[in-house]
């Protein structure tokens, strides 16, 4: 048992106030309280990156972020960014490059790629590999993911 | 509005939960306790689809404040069957084809149940009189009335 | 029944007050990258999670003249982005690049990494090599502790229950030559098998000043005092370097676990020391 | 969207504070305390909750008096009935004394709503609701019911016929609550009856009528006639009374009385019926009701 | 042909996945849903003396606590979606909940259903189990000895023994110019799909238990029904888009537990395993000890091959006998050897049970025989490609079982093409040393023929010319359902976007068998092709009638019927309307049957037991850090005869994914079992490749069109990860001259091989 803690935050552009447990993770909060499902739970301890969300614009692993510490912050998941040109471009690129197989890593992968490409204009393949190295994929072997990301980076130049 | 904590006996089990004054018993049963037997039909006490037993007597959950049932006993249609064994009334409804779309059935059965508890051997008129608050749109009532009567005891001396 | 509360004070005074009052089981949280797995694994059962995230006083990097001060709440990615760190503490910059993964770097803080006191803590090794000092504060007052005497065991430090790390300080001596190397079993998200940091100053071909630190080869991140001692005053010939490797391999105190055996870790410690020295000197060997 | 479309009867939208007094005194105290703050009494809720759902009412305070023991149940004190205001219609129906001695009330109750509603609705609620069509009203009026109105200041008594002021309006003052109904004991050679016309069974009345008669041989010694839902309030028809009193019961007398009832009322046309129909039907109801009461008082079926 | 076959195509499911809109198993909830949790054994081997559930049951919010006694048929037989009874050691006993004996750490002992996951978790801790720890046995060779600790109820822990003999191996070895001997070991491996096991189940108005679950095998509904003791048609399984499978979701995971909890509570119930639970208690890839002896003449011709294969089945039988069958038949690899002696054995231990994993028993011997081939080449001073040229099977060759290969064999061509594409070696400064390695592989697609495998598919044209497909194929991310859409689009000449498919529902879609054994494109692809062609024929003959031409001059393109050599076009909708008007069926449902055979004599396996093989090769370049033993894979070339690439994008996806999947097998992946206790319980100890570890994989796809799948396609899912491991260890040998015979080739292993003691 832990006592509730009241938080107010913005989730995908929506003002949200809620009560969370002291030990509630941001991921648990998003999935069970707000029923936002595009952030996945793959390992529960920050080893896989399927739970990636943007916290005040920075990609983080929401399964190791306290929901309470998102108080006053801005949280974005992929489903809240469908209209951002860069995200759209990445989604399109992932689809056409065949970078999506089982799809479980895809939302987190695209979020990480998007926030990286926001900062970095013409990254090398290795830069991209390092940037995405916190997000595991077990299906693709990463090549098509790097291809897809690089293609968008080139377009941004 | 101040939330208050209420305790009731629901289908034989004690339950304690916090409710807001303007929560209706029907919505608490359906949305919070997931007992969806009682149905919303009209919301103003005209159709009887939300009938449950409060302290043993049929009442309308759509017009009952959840706060107001603190300390009371509530039985819903889910509380009627014992495990896999249906209540004789439920059996009778099945046997007499008294169930068509089934939406009125839970309320109907709760009302009928309390009729038979009050009056084990009602006449057909008494049955029709008693269930008049439970609207059925499919059956034309005949099969329902005969189902209920089939559960009635023989009048002594008759 | 076990209860746990959460508090996120906005001022240091408030935080220290809470920290002082809470007799038992207060657990300080910054980036929370460790606390949640530990909670789930029931390694900890605090009665209060005290989040210091909102304490502005613990943020920011300042390089004034010859001292660099890094607020305890500085995230690893903030370190990476800092020009001051890149210039005055390249070794810390290098370590940050190999720290966990890009996402965790957005949450993990330098103070948290040190307070967590993992033997493999990647930020501790370069800071040891940099002779860093910790500013520690409590409601009772302030004190400073050299990082080299901060760790007392796996997950253990000299921090009192009511104390917080406020900042990390180290001299910004850009003349000294420094290098950090991390050896893990994977390119990212890898716990160090061995990590090494060195800081050297060469005068007239001889080592005038040496700081050596190792990670993941002892119960705590450790200074390589014997290795330092050996190096000082020597001319860095291939033979000396070879010997230095041996000294290092003997000095470290690793264990065998699922990742590697003790003897392999000793070997790697030596190898990495040699490489770090070469890196530090830009390959310019006599 | 107009207001009608916006009402959502799945939910109870108004927000209010809920008060649950244990005793009458406590209830009266609450009523007094919030007298100017839009406080309403909740008993059975079958009318109040509907009004709140449809937006006709949005009280700030609800005082639930349903569970106050001293306000519920019926006591018989030297013949007279003392009916607690929160006694449910079902409870009254189950009372042998009412079935045997107070036919008008019994028939009114029988005609009302459905068992489930009668288990919830209270007699006090039915009256305080102030509906012109309230079925218990004419019945209780002809039975000469006196109500007890209580407040922190004390109690006052009022004839039920003076209780109704208009649709939804009663003689209750702020801070006041109907606590008890007093109905005289049953006189010898008396009888009463209630009749109503609705659209379907258990419907709200188009017209309802109650009659009370005391018989002296073949003469009407005393009587009361009340009609519902033909005027802003239930009415006692004095004209008919003065005509009947003392007259010898006969077919002609009945039909004359019936005609007088028809003349005496000025109903309106609404969704449930037209003025013409109400007038026409009230005459017939009146005759049947008077005859039934007469027979119950021991009289011969008039010829 | 309107030609969508062979074109790189975005998969129909890709967009929803890229948007995060796909509702995976754990993303789904129902009103009133309870959460299920499993209490797992703390010991690998123990006797359960008592279980006290009172405290747990008393916890508010707990709705059910179940133990073995609450399971109607707790001991049942493992089935794997096969509709044919193949008894004879292929279908072993397993327990739903541990009873009496606990066989492995993490075995399910009790189930809890509660109103929240947290309450369920709390309840687990209130269940008191009294264990008497037992010694257990953890090494298969030890377990196989007489008198060893009995893992199960029978004395012997040996589940299955096979033998394959051809000629006289011992005799031939005596006359061989060179004999290579070696013992090769491969470890426990976790599938590490990113989606942990999960499902939601509920009871419907027909008393049917519906289970919406992430699985490769919806046909486990029969097994679940058997446990509950209810008719098959009272259990319905709906497969979700799975977040990866790789064989790990081939066995039952949460299904039975959910069914039991729903049956008990009458409430919907969700169960999702933690990653720790997943690693602890779902199946692992079989560790093997493989003793190989290969004899060859000086000219490089192999004259004899002896192999003794021992696999660790773990605590329960599951698929071990089948996996072993693959190993035995694949033990000689794609080489024609006249004298062969293969013995194979799989043994129960108190380790986590082992079962299917991408490569299914073919991949383990592949590491052994390709290491031997490389060593043989070195020993004889023959180029590794040359020695394969000399020995590889070709069309008409006879395998060790006497099966005559009657289809095209692209060997050693795939190896040569791969090696060639590697190009010039990279140069790297000391202490790095660079080396290259090549390995070939073969693996079957389609299930063992004695299972008499079948698949069904249903295709329906709508009045507006759009098409609806229904096929019970579980989609685990390989594009299983998308390729079916493509086949239909091809045959009916409509756009991919006009084809909508419903998959993976035992009640509503025609049963298509399992998504295992690299069989879906082959089996369901053919079933769908058959159905689509029948419909096509019906439409064309109607069109022929309408146009007054013979139907063989007609084709379907872009929603129209076109006439050969004419500009006339008849809109498809017109034809459909005409058919509908006459009451012709606008749908077609077809079944495809694989070739069948009988269960072979296990003591002397003979003949053909697989429908066909896929052949491929990997060429890799590695750099080895000679001071640390660290290996970096610089480049991987994967060359396969894919038969026909239905969707090159998906085919490449398999080749690239498969290569990296088993690059991890070669270099870093191992579930470390320490006397039955998992020492790598999470993804921070069990390391799989990150993007920073994975090099780009260059894919070369040869299309000889001689496969058994639609349009001559072959299966790729599993074959794609074959031969990468030996290619890497061969490259390590090329770089630093040490041969790693035990996977994974960790830096420490490599360094020790180079330096001996450190």
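Letters A, B, C, D and E mark the chains as written, and numbering starts fresh at 1 in each.
Please note the rule applied: a contact is a pair of C-beta atoms (placed from the backbone, for glycine too) under 8 Å apart; a residue touches a chain by one contact, two chains touch by 3 or more.
None of these values were measured; they are calculated from a predicted model.
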Any chain that touches chain D and chain A: none
Number of hops, chain A to chain B, where each hop joins two touching chains: 2
Chain centroid nearest the full-protein CA centroid: A
Pair of chains joined by more contacts [C-beta pairs], A-C or B-E: A-C
Distance from the mean Cα position of chain E to that of chain D, given in whole angstrom: 79
Whole-Å gap between the CA centroids of chain C and chain E: 44
Distance from the mean Cα position of chain C to that of chain B, given in whole angstrom: 69
Between chain D and chain B, distance of the C-alpha-averaged centres to the nearest whole Å: 28
Where chain A touches two or more other chains, by residue: 44-45, 47, 130, 132-135
Where chain D touches two or more other chains, by residue: none
Set of chain B residues in contact with two or more other chains: none
Chains grouped in pairs wherever the two touch, ordered by label: A-C, A-E, B-D, B-E, C-E
Chain B - residues contacting chain D, complex: 1-2, 4, 21-24, 27, 40, 42-45, 48, 51, 54, 57-60, 62-65, 67-68, 70, 111, 114-115, 129-130, 132-134
Sites on chain E touched by chain B in the complex: 31-32, 267
Interface residues, chain A side, partner chain E - complex: 31, 35, 37-45, 47-48, 50, 77-79, 82, 90-92, 94-98, 100-107, 110, 125, 128-130, 132-146
Residues of chain E defined as touching chain C within the complex: 627-628, 630, 668, 672, 679-680, 684-685, 687, 689-693, 746-748, 751-752, 757-758
Residues on chain B engaged by chain E in the complex (per definition of touch): 31, 34, 36
